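There are structures below to look over.
Look for subunit A in each of the two complexes below; its partner is subunit B in the first and subunit C in the second.
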Partner chain A sequence: MDLFLQRIFDGLFNGAIYASLAVAIVITFRTTGILNFAQGELATFSAYIALLLLNPGARTLTGSGLVSNLIPGTPWPVPVAICGAVVAGAAAGAFVERVVIRPLARAPDLSVVNVTIGLLILVNAVVVETWGLRGYLLESPFPTGADDYLGVGGARLRLETIGVWATLLAVLALLATVLRRTRLGLAFRAVTTNPESAELCGIPLGRTRFAGWVIAGALGALAATLVAHSVVLDPFMMLRLLIFSFAAATLGGLDSPGGAVVGGILIGLAQSLVPGYIPGIGSEVSLVPAVAAMLLVLLIRPTGLFGTRRVSRV
Partner chain B sequence: MRGRRWLRLMALLFAFGLIAAACGDSDDDAETEATTATTAGTEETTATTAGTEETTATTTGETTATTGEAPTEGGADLGSLASIEEVEAVWATERQAVVDMLTAGIESGEYGLGEDGIARGPGGYEIDTNVCPADWSNTDGLTDTEVRWGYTTAQSGNLAAYGDIALGMESYYSYLNEQGGIGGRNIELIVKDDGYVASQTIEAVDELLQNENVFAITTLGSPNTFAVRDTLATACMPQMFSQTGHPAWGDPMNYPWTTGYQMDYYTEAALWVQWIEENLADQAPVKVGALVMDNDFGLSYESGFEQFSEGSDVIAEFVVQKHDPAAPTVTNEVTTLAGEDLDVFISMTAGNPCLLAIQDAGRSGLLDTVTAAFTPSVCKGIEAYMAPAETAADGWLIVGGGLKTSTDPQFADEAFMQWMAERLEGDGLDPAVDLIATGFDNFAWVTGQTLLIANELPDGLTRTNLLLAARSLELSAPALLEGITFAVNGAEDPFFVEGSEFSRFNATDQSWIQEGDVIDLNGVQGNCAWNLEVSICE
Partner chain C sequence: MPDRRISPTVVWSAILAGAVVASTVVAVLVDPITLRSNSRIMVLALAVLGIVVATGQTGLVSLGHGAFVGTGAFATAVFVDDVGVPVLLAIPLAAGVAALFGGLVGIPALRLRGIQLALVTLGVAVVFPVVARQYPAWTGGVTGRPVQASLEPPGWMPAPFDESGSFRFLVCVLVCLAGFWLAYNLVHSSVGRAMRAVRDDDIAAAAYGVNRTTTKVGAFAFSAALAGVAGSLQVMLFPFVSHDQFDVFLSLRIYAAAIVGGVAYIVGAVLGVAALVIVPAINDALGLLESETAVFGLALIVLTFVAPGGLVELFLRGWERWRRMRQEPHVPDGDSADEAGPGEAPVLRPTAAARRLRGQR
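For the complex of A and B:
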């Protein structure tokens, strides 16, 4: 096996995991100007919805028969279940925006961030109470058997890696189109740049932010369902990933979805290559290469690799 | 205007709610679940606590009540008994034997808390209470109605599945409380979540010591137990039946207040070496690779394996990849091991990484090159760690620690197992969750038996009596495979379970299939004064 190549592939897959949550974080920031700490938890919640749609017998607070009794046709095929989870994620984002964030529209950003931290704890507790502590491996829409890989130069490029990246890039392309070519995208940019002026121009602030949260919720749900086959799905799945995803988002630029993806790749590669080839750094300190990469980039470009440089008038 | 004020008020209330949720006790399940509903179909008669003299069950060995001699042999074949009442009768007899032995010793002055402030027990066991804090009392944590027991465990993070153990423990205690508790006192379990993070264990234990007035404490996790061992020793607080197999808990000379319970990791490592030497001798020289969790827990496995494989004719090389305990994936480490051309792969980890290691070993091609792959005893839980891996889990070997899995069909008909399943279901718990069952039939069972014994000793339930009872246990454990002794002897043999079976996982049947006979190593693992600097037992 070619170890170097295998490590590249491993780094790419881990990078996809970090990038997917990072993109959701960046979208919220890009569309609403808020750093949402609860993004991961809402995504985990959506992944559990996928779990229920795939395994109606899974242990829940309400017993194991509820889903199959209420929702026809369960268990659903994997791609359909994932769509169901994405819808649930969008709904969760909508609910949170309406009930929690909208009343704080005029509050300082830091207050809103604090509220999202509280939301993280609340949603986490709800998930623990509903589904318990044990972990699951969610079925993946891609082939994940031991033999499902492409042999490339002695290393194994898993089909799952290709599938996740293809999905991620497709979603990114869709997002880019929305953000650059539609009125909604224009509205997002206006709202985050100057909310007062945007309102004066007739852009509905509330509805625009609402759309941002819905999109971010849907994205987070997609991210969680794709990675929950390779990272154990339990109430703390996204908490474990959050630090890496934040590092990826910061590295790539907090308002650039493409940057989040590049950031994810860089962090994933740093984690797999640094312990392998730099003596003295073992993989047990997996956070160190990630944070070091972020630090290095921020020293040279404080707004991240692809972040917008803010120019303020003096 | 009014609308704004109303909105502000709602926002404030909501924020308060979030804060309350955040600051709320993680021990809201502290109340033991005394079920008010009667469990239909169960046929328990009332109290078979210590003192009843039903001897309808057959017991092996004889009871002796003279000073210093070993009590009942334990090791009764509980599986052959017809009802839970018979099983309880066996335990009552065995508890009485321990009580009689210790009482005789206490009355003759050989054992017990002496005038000199030293509590003595069998096998040269001693606790010096003169060094205890000035405000220390032998009965702290006992109220008129409660025995307050503190418990720190992982209910979040990578090892959160072990949080289910608490549920099983509470269920068993609710049963004991229904029977009258410990001499009229209910066992009250106060649970704190430390997320398997040692610094949080320190905080949790400080809370238990300062605010919760507990009689004894149980900690889960090797780094966590280490982190508070000195604090608890200084406070003269019993650190009982630590839920970790680190050999360091078998050190009664230096840490008399600390005990373990399950088979220790050194014994497990020795058995790995033994299996390899017996089964792969024709493949010598054998290269072994291990995925090791980077903390005290993983280190004890690694250190044990290194020591026992030193000078082996069969094992030529041992390579290790360490991983961060909180890591979301272990792919990088397994990939590196896959490139080492191993003959044997041993997973020396716990929690979610158990499952991830199995999955990654399959995907990386590691399983194609090795002859044998081991998963550790702490990863035995089928529901949590084997089932989700589906076919990738097939064929994995384990040195299981001599415990019966609750889902194993060959034990499903046993009186105790059926009764346990009924009790758990009555409390709304799923007996198929191994970790819940192990909380019930291992950790809570041994705690309950020890409390019942201690309560019958002269001076009744005190901390020193609790330790004396624990250091003298010789019982028939309901969850131990037949042929494995459950016994300790004071400072001479501090390990309760020193034996195991070898099993192989059958993914089709979702069960562990035993290979060969059980190996009983009772008394073999010597006391372990763990040297933290070089990470070995001394």
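For the complex of A and C:
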């Protein structure tokens, strides 16, 4: 029983991370109608920015340390560094939207897919060039010591898990408020429902999509900085998580942020429970349930649990 | 592009003869190690061709062809060493296994729009090496496995090809050629038309009596089989397989190569794989970047803006312009200004060459 609880807690931690990246993916998908394959890489990049802010003088760069010399002074406190990374992630999202995505607004879907795949490869290569292949330990903003846990029914609920969930819920509440109560949120919902009609009503299409990319970039950065402590920060960190998050987003329905959160939890739980209770699946192959879940959902219910069905005409 | 007055049979015979002559020259001139390392990338042309068939012709985006290459490679190792099948016979068997795997992955494609299949295949690409590690009996586990049986030239082979390295190179060239010939015939048949109909509008295609299920799954399985043959040839060139040869970046590079070369054209696969060989060579020579993958990422982005049809489109456009300049030498090329500035779709003229450009959707 304690083991079961423990696995659920572990799954919840991962689930929170998958959920936040999945929400980022869903927001991009809803506003621009494209899946951003580079979402994870932009997040990885932001996590390295956090690393840079936390260790200014340190030789974290493979090169001459030119960039690290540009940021003088003492290491930033962890929460502030994470905020810096979130800003960097938002800026990266903004840059990408402006420079490569917006000019392709009328281009075929495949072109946009190709561009995000190109970005994935490019950003990954740039990160490898700049920081090398070695892994770094990124500090967590939450207490992570061996004793920092709450005993629940014999299992350990780590404070880090509580912290990550508190952060995620706060951010989601903020996001929901913005979407429901503000003018931007109204524009956002109008654009996702019907871009052409929204534009005819005078809603600035470009600016709203831009906002979507900024929010997605920030969310991805948050996910990356929060998870980096428990997995090692290396150039391929988010590429692994991206699959889980894509699975979560697919499971919940690609156009439903709430569904993405539920999908994230389910995928996180599946990842920790399935290897534990189904013999022959080691923890190393925990990717398999995620991909299997994605396949199953797409086969049985392609719109996901909470997605809307699309009717197409010829 | 072959002139249409010449029959395809003649063209393919000429290509075959040219390939044999060219491989003879290459086998004589190039030292065995360079030959082998470049051939290992060259055979990926078949995997890139697989993307051309799946993505360019049928509209099924696959980011997982590296996994099919891996399937072909592992299957070859198992067939040759564990089952004892002759090496050359292992190629079609490996293709069959890869096709089976591809068909299984392709079945979701029936219900998915292109983008979601991209997700699934990306998942397959990430999972493949992890799963391959789990079955050491077949794949050699973490360390990989050497392949004992190898392809040796028969006694009657003439001069440059009686040595095993150059003989394997010749076999690879011929098998690749056979793959291209098959794909060419497929694309230029009623099946090819069905594939393009499904790509352009699958509901309309179904209304016209195209069987979407068999077309999509069949095209994807065929494209996976091509990738499987590439894996099989890799094993033949270098008798060692390991899970880490088939990571997600192999899949991404194969996809990028197809797009860069020109995903709507059979020739695009040749140009794409040429880029796979040439770009790292230039990069090494100039010492620009640690990883040549950055170049592919950049090329993917830039070409989407400049020439969405890839290098083939650039060549076709240049050829078209040169032809027009030759016809009216004194008239300046007035409408070159509308030739696709950044961010615009290229303006296509109703010439035969331009009509072929519509491929990319």
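Operating definition for what follows: the second predicted complex is superposed on the first by the 275 of 314 C-alpha atoms of A that agree within 3 Å, B and C clash if a C-alpha of one lies under 4 Å from a C-alpha of the other, contacts with A are read in each partner's own complex, and residues count from 1 in each chain.
Note that a residue touches a chain if its C-beta (ideal position, glycine included) is under 8 Å from a C-beta of that chain, and two chains touch if they have at least 3 such contacts.
Bear in mind the structure is a predicted one, so any value in this text is a computation, not a measurement.
Asker: Thinking of the overlay built on chain A, is A:A125 touched by subunit B (first), by subunit C (second), by both, or by neither?
Answerer: Both partners, subunit B and subunit C.
Asker: Determine, under the contact definition given at the top, whether A:A146 touches first (subunit B), second (subunit C), both, or neither.
Answerer: Once the two structures are laid over each other on A, A:A146 reaches subunit B alone.
Asker: Can A:V231 be said to touch subunit B (first), subunit C (second), both, or neither?
Answerer: Once the two structures are laid over each other on A, A:V231 reaches subunit B alone.
Asker: May I ask you to decide whether A:L298 touches subunit B, subunit C, both, or neither, giving the answer as first, second, both or neither?
Answerer: Only subunit C is touched by A:L298; subunit B is not.
Asker: Tell me which partner A:R240 touches in the superposition: subunit B (first), subunit C (second), both or neither.
Answerer: A:R240 contacts both subunit B and subunit C.
Asker: Between subunit B and subunit C, whom does A:L200 touch in the aligned arrangement: first, second, both, or neither?
Answerer: After superposition on chain A, A:L200 lies in contact with neither partner.
Asker: Touch check for A:L137: first (subunit B), second (subunit C), both, or neither?
Answerer: Once the two structures are laid over each other on A, A:L137 reaches subunit B alone.
Asker: Scan A:V115 for contacts with subunit B and subunit C and give back first, second, both or neither.
Answerer: both
Asker: Just to be sure I follow: which residues of subunit A are touched by subunit B in one complex and then by subunit C in the other one?
Answerer: 100, 103-104, 115, 118-119, 121-122, 125, 128, 240, 282, 284-285, 287
Asker: Which bits of subunit B are touching subunit A when the two form their complex?
Answerer: 7, 10-11, 14-15, 18-19, 21-22, 155-158, 160-161, 163-164, 294, 321-324, 326-329, 331-333, 335-336, 338-339, 352, 355-356, 359, 362-365, 367, 383-384, 388-389, 392, 430, 433, 435
Asker: Taking the touch rule as given, give the residues of subunit C at its contact with subunit A in the complex, in rising order.
Answerer: Checking each residue of subunit C against subunit A gives 55, 59, 61, 63, 107-108, 111-112, 114-116, 118-120, 122-124, 126-127, 130-131, 133-134, 201, 203-204, 207, 248-249, 252, 255-256, 259, 289-291, 293-294, 296-301, 304-305, 308, 342-343, 345, 360-361.
Asker: With touch defined as at the start, can you tell me which subunit A residues reach subunit B in the complex?
Answerer: Touching subunit B from subunit A are residues 1, 3, 6-7, 10-11, 13-14, 17, 59, 100, 103-104, 115, 118-119, 121-122, 125, 128, 132-137, 144, 146, 149, 156, 158, 230-232, 234-237, 240-241, 244, 271-272, 275-276, 282-287.
Asker: Give the list of subunit A residues in touch with subunit C in this complex.
Answerer: 34-35, 37, 100, 103-104, 106-111, 113-115, 117-126, 128-129, 239-240, 243, 246-247, 250, 254, 282, 284-285, 287-288, 290-291, 294-295, 298-299, 302, 312, 314
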